[in-house]
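Common to both upcoming complexes is subunit A, partnered first by subunit B, then by subunit C.
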Partner chain A sequence: MKRTINILVSLIMVAGLVSCNNGGDKKGNKGKGGLATNAAEKVYVAPGEHDEFYAFISGGFSGQLSVYGLPSGRLFKVIPVFSQDAEKAWGYNEETKPMLETSYGFVPWDDSHHPDISQTNGELDGRWVFINGNNTPRIARIDLTTFETAEIIEVPNSAGNHSSSFITENTEYVVAGTRFSVPIPQRDMPIKDYKGNFKGALSFISVDPESGRMAIKFQLMMPGFDYDLSHPGRDKSHGWFFFTTYNTEEANTLLEVNASQNDKDFIAAVNWKKIEEYVNNGGGIKVPAKYAHNVYDDETHTATSTMMNEVLTVNPLDVPGAVYFLPTPKSPHGCDVDPTGEYIVGNGKLSADLTVHSFTKMLAAIENKKFDGEAYGIPILKFEDVLAGTVKQPGLGPLHTEFDGKGNAYTTFFISSEVVKWKVGTWEVVDRQPAYYSVGHGMIPGGNSRKPFGKYFVSMNKITKDRYLPTGPEVTQSAQLYDISGDKMELLLDFPTIGEPHYAAGIPADIVAKNSRQIFKLAENKHPYATISDGGARVERKGNEVHIYMTMIRSHFNPDNIEGVKVGDKVFFHVTNHEQDYDVPHGISMIGANTSELLIMPGQTETFVWEPKQVGVWPFYCTDFCSALHQEMQGYIRVSPANSSTELKWSLGED
Partner chain B sequence: MKKAGIIMIIGSLLLLGLFKFPLWNIMLGAPQYPDPLGMDIYIEGIKGVQEFDIKNIDGLNHYIGMKTIPEPKDMWEFQVFPMVIGVMVAIGVIIGLLGFFGKVSYKWFIGWFLVMSILGIMGMYDFNSWLAEYGSDLNPKAIMKLLNPDGTPMTYKPPLIGYQKMLNFDVDSWPAMGAYMMFVGMMLTIVAFFVGKKEYKKVAKKPILKTVTA
Partner chain C sequence: MKNIMKSLAAVAILTLISCGGKEEKKKDSIQIGQKPTATETPKEEPAVTETKPSETIDLTNKGVGPIKNLELPAEIDQAMAAKGMEVYKTKCMACHKPDKKFIGPAPKDILKRRTPEWIMNMILDPEDMIQKDPLAKALLIEFNGSPMANQNLTEEEARQVLEYFRTL
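For the complex of A and B:
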């Protein structure tokens, strides 16, 4: 214990030294940046021009996914995923509430971490982005024609869904590993009996190649370590998946010390093709597990939530040759595979060196059965037999590595707050640039694929302190853009991010932009409460429920005068946007409604509920400045006493 | 007159392009419409260049009190024009065939051209007066009633041909593929006339040559 504290203290001291060294650079760099070079020109995207790349940056504790342009760093959209968003009525309107259903009931928030873009043959195809909810384990699929969340699947038997959501090179699977090991099935037991009793579930979620629809194919029940991050093998190592682990000590308290004792933790190498074959031949055990599967339909404009009841589990010992452990120093965080699939980088966050394993050597070691013992029956390979090389003393606190496809790797260092470029194969450090401050992950567009677009590197920083105008105790986190097209990296741009930018996925804009939808066709609207023609606008009473079938088009609602609503009624506004023109959404809200506005895209129908509590005549209006007559786009509802006999009637344009 | 007859037939048949391609095109661009809205005017009706352009033009026009763009059933022109073109194509082909077999004079070719030209001018006149009526017969309860600098109510007749700035819109009105095919077709009937004339002269000269050689 004392020894560990000493090590930590000396680490922090070293960190201090290094940052002092950087201090000189930093002061020198700050304030001259763009003027000293042509950095400003490189990030300037003239008015009306488009960015070269989309960057999908995770919103961290905001629960959302932000869409930026690179190189400008301009924010285009925040896609609501796991958290309610009153601006877009996400999780507020009747249509999207089911998207946030879980086995724990309605969960209005999550912590979104690692976006990854779908691939075909190991290259980005730009159809979907997947992202994990960390807290209440879920995986979301965002459709890149609508830039909306199309599907959310809950991951049972998982807790702290962190080694997620990474996809295999033909989007066969999106993989979600658990950070916390837990009792499976959950039960009442002493926490101190963790060791040997908890399990870590690694979930392989299949993705339908046409619809993108997700389904949990199997869960691999691993020993009770913490599974931190993961990456698929690609090209030659396609068919394998690699997971970093920490807390192989299986400590259940004061992990900062107790989970930092082993010299080496593991990278778990999982041959998922082998397990897939086993499962396809009837292998595995079905166990009861409650989890929600939520799907949004673009034709009904409505989500449905289905509660699932069982999941297929696989004991790794039942599939010999499917799982091996690669010893990796010390509590590795990022687990990154280079574009050729040969090298597996373990970013040992408490190690001074960076460990790189060789896939070829791993196969040879397996072939020759050169094991160094086992853990819970899973063979441990010998460190020396699988080691490809070590990047010596590159910095402090390596977290994550990306590749540019030209033989270079870029590793982020949290403690020494820098990005270090090194050569894959020779392991020599060729450049380093400071990050402001404490960089977490980095991203190169296509960096998770066989074909990276090695022009820019984006660092995602946890701390900004003095980098921007202060905004009280809470200041923004940030991203920084580096030009990596030359021998030396060049810092071009700082830009603020939403929530916490854990990770990002970038893609050339031309792959995605051409598929972006402009409107929804009214003729294809299958919402059960849609009003397709103006003649269909009406109000219906069913007991104390009042259903308003309303249309909206520049610049009026139909109907816009409604009488016969009573105190105690539950009023459903089913509003259909009749526009069929690009970029003409309308919004609607009712005074005193205990919910958000609706923001309705052309051709779409959405519903909000209003429960009038007082008699009177109450207005509603369009909340999105839609046209020159936007201010005229309004209406009234007369609310009568509960026992009144005011006749239900509605109108538009009658005097 | 074989060559002239064939040219006359081809020229007449080119008018069939009007059943497939628009006669005229009007594009409306504005700051809010970098990708302009557009109308393709066919002899059988008016269609949007993109799927919802007509709906969107009507949506905008309602602010200034213009009527909605007519459906084919709302205008007699859309029934009559196709018949006129159909009949003229048929007559042109028959004349061409008769010319081919030497049954009619090449003068019939220019006759067809003149009739078609008169019909065309009448069509343009009708089209222009429709544009004028459409642009000036405004709903008295229009949302926006705008005045010209001289105090007269502003009207919104798109140009028959060419470019005009109307409020925030840049309006371009130009002939389209159907019109170009008709133009080329009609020019071919003139060519047929001259070729026919030349062929006729050759035929007329032949006996003279014969007598000389004899």
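For the complex of A and C:
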């Protein structure tokens, strides 16, 4: 095996040298290969300098969203979204626990897949990033002023929330399609009766243009296929949404064989504007559905979770002309629309060719009613009538295509492990570069909009094997950066990522950086347990609950000596950071507390609960190095026996 | 290889030095207030200052920062002072008690010791003051190296706080 790999690697290296030579000859570099390039210079961002782009890369099975700089590949932040993060107390402190509530109760983890940045008029506006939780279907909205998760909405009737979370060109909707079809409503039935009985829900979640607040507008109840990926139409095709499907066989077991039988599956074209109109005129059926809607408020610094009870469903047959199937070979994965909105690429992962459909032809075929049958009453258009062209034998296992806005498309090939550049319209392959190894999705900043910034391509790879120092059986996940500004792509950089990088969204830094918040204003803090004035620091007892209203500033807690707490009490630390300067968070942790630390930003209040179990005097301290006197930032709590009469008192200094 | 030998030698020398250090320590364990050893460069003993920086009166130094000139009217503006007290309570009190030394010095009678400009500059740009103003530097040392936090007050708020100080 090793030998094979070695041979492969050598071959690839030789191939690399050969292709470099080719490229080099053109540029007059005379075959100096990789050494002649200035790749290092291109990714070097000098100390103190900033990157040109933000890249929001999905954390995959970590459930989070990571923030990188391009071209350096430097990691800035891991934004906790669907998984608890002890570092930031996400899902541990009392304020953010409601964010992880679902109809199944508290779910501390998910599998995050496809980030997408909000748009206005088809261009990135940099206000929010949306990302889907795949396992317990949810969509999150991350606010790009705070780089924190502001909202999570659960998607009922969905399972394996994979063809998500893609947004329309004015952020009218964030769309979430189900990968697994399920009985709707859920019921006790034999699995083998799947075919014809299960349904696939495609959810259109409206986004308030001001607040960003999400609400499920309607769910389209489609036949029981697997809805794999999706993308919005844009420009001329704005108003439509496209979903790839597989398992049109409706197999319920051994899908790797049974779902690969049909020569063609479908791309479902959904005219959401038509359905929106239908719904606005009272169409659709409200059905009971339990799902959580969790919202974080920047003024109370607290999240609330509301359980919703019903959802509006739409039967596609009730809205004639709203849904069509475009036959597409073969188990297509990525469903990608070019910046003009004319071309819809079906990346048939088991197909030898890449299929491109034409939106104009699709409209004409619909107009002329050129149907090739129907599936569960939904008209199937004729393959030949909607086909714009095929990219012939570009590689093995195409997964996903991005666009550079200059007439080129870049498709990732999982099996042949490469990125292939081809021309939109002529379908000719113009360049190919290996990816190390087994690339999944690719990303060009703005590549999912009318206006891509076609300077870099990021490949997100499934396997790294020998690319980094080994770290035991589990090795790092990774992305690779290519310069695509010239005729030939050039691999510039490997960089490790958090979890499995399924997809990413990139944006020029100057659109986002200027809006990044520095502090929360203490005067605007509306947390019910905030201590706004230092004089308000105090301790209150309510039965066996003890509420500590504590402040923190360089470099002390107020109060820092507390007595009168007893074994069996439930002690709430409500801690307000009184700093009003940039980059002065403080942390706090209590010995033996069965939770994480708090990490509190200037002007913010957070709460953790400590249930002391032993008599004694117990210390707490600041966990984030805050000043030269950080080590002095500490305090004690005296814990007396449950039946003691120790007086409740608190102090700081000599007072 | 040569390099490795060199490094090894360096490590060996370092080890020797540190061994020496240890022995010396053992000799003078827990003696507090020991005299400097001959090898140390004798430090200049700072002349014993009679007044602490916090008690030093300097009514000419305007400090470093955005405020270059500020004339205070004879009459105290009580409305402005009231606003200043509110700002002070939320943003300053954690370190400054009005009339006694706490983390930092007390603002009571501050205008008898400092110019209005100096006070405003210390509130508005403590980082720069600590770097450049000799009195602010000395105060930092007097207060155990606990730097004054920049609480991002607006100029208007800082002026209100100054007016409040006049009432103390």
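Note that the second predicted complex is superposed on the first by the 619 of 655 C-alpha atoms of A that agree within 3 Å, B and C clash if a C-alpha of one lies under 4 Å from a C-alpha of the other, contacts with A are read in each partner's own complex, and residues count from 1 in each chain.
Heads up, the rule we're going with is that contacts are C-beta pairs under 8 Å (C-beta built on N, C-alpha and C of every residue); 3 or more make two chains touch, one makes a residue touch a chain.
None of these values were measured; they are calculated from a predicted model.
For the composite obtained by superposing both complexes on subunit A, the positions of subunit B and subunit C are in clash.
Look at A:Asp534: by the touch rule set out above, it reaches subunit C but stays clear of subunit B.
Partner contacting the larger number of subunit A residues, of subunit B and subunit C: C.
When the two structures are aligned on the shared chain, A:Ile380 is found in touch with neither subunit B nor subunit C. Applying the stated contact rule after C-alpha superposition, one finds that A:Leu255 touches neither subunit B nor subunit C. Judged by the touch definition given at the top, the superposed model places A:Ala628 against both subunit B and subunit C.
Judged by the touch definition given at the top, the superposed model places A:Ile553 against both subunit B and subunit C. Of the two partner chains placed around the shared chain by superposition, subunit C is the only one that A:Gly653 touches, whereas subunit B remains out of contact. In the superposed model, A:Gln580 lies in contact with both subunit B and subunit C. Look at A:Ile519: by the touch rule set out above, it reaches both subunit B and subunit C.
In the three-chain model built by superposing on chain A, subunit C overlaps with subunit B at stretch 152-160, while the rest of 152-160, 188-196 or 206-214 show no clash. On subunit A, the surface patch touched by subunit B in one complex and by subunit C in the other comprises residues 519, 553-554, 579-581, 628-629. Within the complex formed with subunit C, the subunit A residues making contact are 519, 522-523, 532-535, 551, 553-556, 558, 578-581, 584, 627-629, 653. Considering their complex, residues 519, 553-554, 579-582, 628-629 of subunit A touch subunit B. Contact residues of subunit B toward subunit A in the complex are 35, 51-52, 55-56, 59, 63, 143-144.
Residues 89-91, 93-95, 102-103, 144-147, 149-153 of subunit C are the ones touching subunit A in the complex.
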